Amino acid sequence: MSGTVASFDLIVIGAGIIGASCADEASARGMRVAIVEPGPIGGGATAAAMGHLVAMDDDPAELALAKYSLHHWEAFADLREAEFSRCGTLWVARNDNELAAAATRVARLNAAGVEARVVDATTLYELEPALVPGLAGGLLVPREAVVYPPRVANHQVKRAQSHGTQLYAGRRVLSLQRGGAQLDDGTRLSGPVLVATGCALPALLPMLPMRGRKGHLVITDRYPGLVRHQLLELGYADSAHGDADSSVAFNVQPRPTGQILIGSSREFSATDAAASPAMVQRMLERSFAFVPKLRELQAVRIWTGFRPTTPDGRPYLGAVPGASDQWVAAGHEGLGVTTALGSAKLMIDLIQGRQPAIDPAPYSPERMAA
Amino acid sequence: MPDRYDVLVVGAGPAGLAAAQTAAAHGARVGLLDAQPRPGGQVWRHDVRHQAPRAAREAIAKLQGVDVLASHSVVAVESSALRVETAEGGRLISYGSLILATGARELLLPFPGWTLPGITGAGGLQALTKQGWPVAGKRVVIAGSGPLLLAAADTLRKHGAQVLGIYEQAPAASVHAFARQLRHWPARALQAIGLRVRLAGVPYRFGSFVRRAQGSDSVQRVDIDTPTGTQTVECDLLAVGYGLVPNTELAQLLGCAMDYLGPHPHVGVDRLLRTSMGGVYAAGEAGGIGGLAVARLEGAMAAHIATGHSVAAHALAPQRDRERRFGALLARHFALDPRLHALGDDSTMVCRCEDVTLGDLNGFTDARAAKLATRCGMGACQGRICGTALAELGRFPRSGARPPIFPARLATLAGLTTLPSDDAYRGS
Amino acid sequence: MSAQVKLSVNGSLVEVPAGASVAAAIAQLTTQFRRSVSGTHRAPLCGMGVCFECRVQVDGVAHVRACMTPVSEGMQVITDA
């Protein structure tokens, strides 16, 4: 293969959920696509993710992207590989202050076209009898769902391949070059490049700052019916979007298998992939405070992952500053699965010179060049 | 009981018992952990109906000064400490030195019908029988490979089972060559002769293996490939095991380097049983399948070293080396027939926790990619059965160890020391 | 001979020697311990706590390995068969 040149309309680098979505979208529009992935498809942050499709409303730009993307996730609702489960999201309020704040969030979500409503304590316990007594109520987002991200990414890559996409599996891009990319086996790919390598972005695009924000997850054996909705504390956004070096939040998900997935933790300074007993303890104690029955359940596995995080928390979606025919889609932090499909449509619109359905300006990588 | 020991021994089989006893004799404060409710490990497992062998009784009786921490399951590794789980709750036990005597498990290979109730490992049925599993009057086929098949048959007969036959996959010439070598190990020769006498009348067939099992609710008949053709045998129980593989999960989580002889890892140790991690030693099967005598010698050696008595450890090394050669002899003469790698077809289950078939894994060359796409190895056994089988079959190596070492209560992982009993999950 | 222990398996009274495992007690009644995720019956395979095929509910706690659990007087065991 050494020295071979192959030419494409788009070379997608990285087959996580973002790269896979972009390759899927581009090939569906008839583009000749290459996708390069050195590891398993969906094997990075995609594999570590919870797969919760959720609209976060604290940043209008994130909400717009999420709303746009959630609409397209509906096309996956009946796909076996997606393991799509419409469990809804139930945000839990510990006290009347949090419940009052929930009303504000409902208004924001409704304004964005997301169905959501405040529930009182009686309804809360009807919905989730395992919650600890004494909670004030909650915020129910009934149409939200969970998926199994690595299988979705696999499906997207397969579908892209069925539309002619060339998968360079086990291959790494050594460098971006004018009009293409150089692979580690000597192959040169020519065409516009889209870098979707998440936390690994700085290796190819060092001018775009990116940090890995470590998270832990624990999954249990099967306990069907114990938890029915994706449960989060209303204070979650403080952990997710705060700047604290480490934080935990109550975030528990019923998998379609009956297993329970327990999160979440966030750490900026941790670079070691090993599970940290102290963080696991903090995270689990937080979950027990909301669902005491969790204590007795059998954990099958603990893992960690790194969320690709930009300085302002918004993804980079657009042209690489100062380069021609180089594009970037990366840095979705904890919302990459939710926003993957919308990000892909927006990206391919930009690459094809079309007007995207939502305003792309907030995600433009140009903001880092300023 | 204290939560810190000078020497903490994991595994109360022959290696761990010898290690604990030796370390205690040197005056160390010793803890001996085992997930099982009684010491003895697998080979000296407590039998509810029959007395244990004398060596086992003596080894267990000599544990003065040792804290025997039975029903203690190691779930995670912390800094110079192990997080363990008991029925009552979790504990963090710290150590000065750690001796891994985690033993081995059976190699179990997929074949059509192997998920039927009534089909167990060979050592598996032996263990269950000692636990009181009803085998009296049952027609049992024993198959697989290695001397464990004879030991299992012996236990089953003692408990009243009707052993229809022992089917050894190794060819007759290989087993006979092995038997001739036994003259160099007189104690083992005597043991073997004793077994053969007690098993008089039980057919022992070579070059034979179970190709398929059938039954409705549980196993009813098995097809056995023999050098003279296929025979079908009606039975109530099938016990089939293809030898042993070391338990290395704890060592891997500690960061100890692994060595490989074939497709399965064992803990890498130097001549004095030091692993690549300071203060961590491995004795017995964990460091490579060697058998009972190796286990007892290495347990003592590891304890000598861990307590600073290197002269005593060096003194045992030549004997240990000699016994290790017996393990190598076993591996050579009972090497698995490549046909055993092809028993399963595309519809044969390989991951029994998540019901993934061999066919589901076609095209995958990497355990992690296969796991993400098919759930293979994601279940409660954490890939101990399927991952080991797939490595043996040459598909791909098992993926690396992740905590917890065994499924554990969330409370244990959260460091809670006790559990409120009224919060138990009552099913759906 | 050792003392006997009485326990309940799926509502039936079972008597086994003290020190026996829950797996052995269940086997007096049935060889079907759990249903696999695709619904087939499963029973102990390894006998030593490794394979998790023998998981049952013991005194209200789900996913207990029957082969690792000694019987006790009055224990309530439920299989998923």
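Chains: A, B and C, in written order; residue numbering restarts at 1 for each.
Quick note on the criterion: contacts are C-beta pairs under 8 Å (C-beta built on N, C-alpha and C of every residue); 3 or more make two chains touch, one makes a residue touch a chain.
Note that the structure is predicted; figures quoted are calculated from it, not measured.
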Ask   = Just by CA atoms, which chain is the most central one?
value = B
Task = Could you tell me which pair, A-B or A-C, is linked by more C-beta pairs in contact?
result = A-B
Message = How many angstrom lie between the centres of subunit B and subunit C, each centre taken as the mean Cα position?
response = 21
Ask   = Cα centroid separation between subunit A and subunit C, in whole Å?
value = 42
Request  = Between subunit A and subunit B, tell me the centre distance in angstrom, where each centre is the average of that chain's C-alpha atoms.
outcome  = 41
Note = Note: subunit C residues in touch with at least two other chains are 37, 61-63
Message = Going by the contact rule already set, what residues in subunit B reach two or more other chains?
response = 379-380, 407, 424-425
Task = Hunt down the residues of subunit A that sit against at least two other chains at once, touch-wise.
result = 221, 223, 296, 298
Request  = In the complex, go through subunit A and note every residue touching subunit C.
outcome  = 221-223, 257, 296, 298
Inquiry  = Residue numbers of subunit A touching subunit B in their complex, please.
reply    = 40-43, 47, 150-151, 154, 218, 220-221, 223-226, 258, 262, 275, 277, 280-281, 284-285, 287-288, 292-303
Ask   = So in the complex, which bits of subunit C are touching subunit B?
value = 1-2, 16-21, 23-25, 27-28, 31-33, 36-38, 40-53, 55, 57, 59-63, 67-68, 70, 78
Request  = Could you pull out which subunit B residues touch subunit A in their complex?
outcome  = 76, 78, 83, 366, 368-369, 372-373, 378-380, 382, 402-404, 407-411, 413-416, 419-420, 423-425, 428
Request  = Can you check the complex and tell me which residues of subunit B touch subunit C?
outcome  = 35-38, 42, 46, 48-49, 105-106, 108, 115, 117-121, 123-128, 131-134, 217-218, 352-355, 379-381, 384-385, 406-407, 424-427
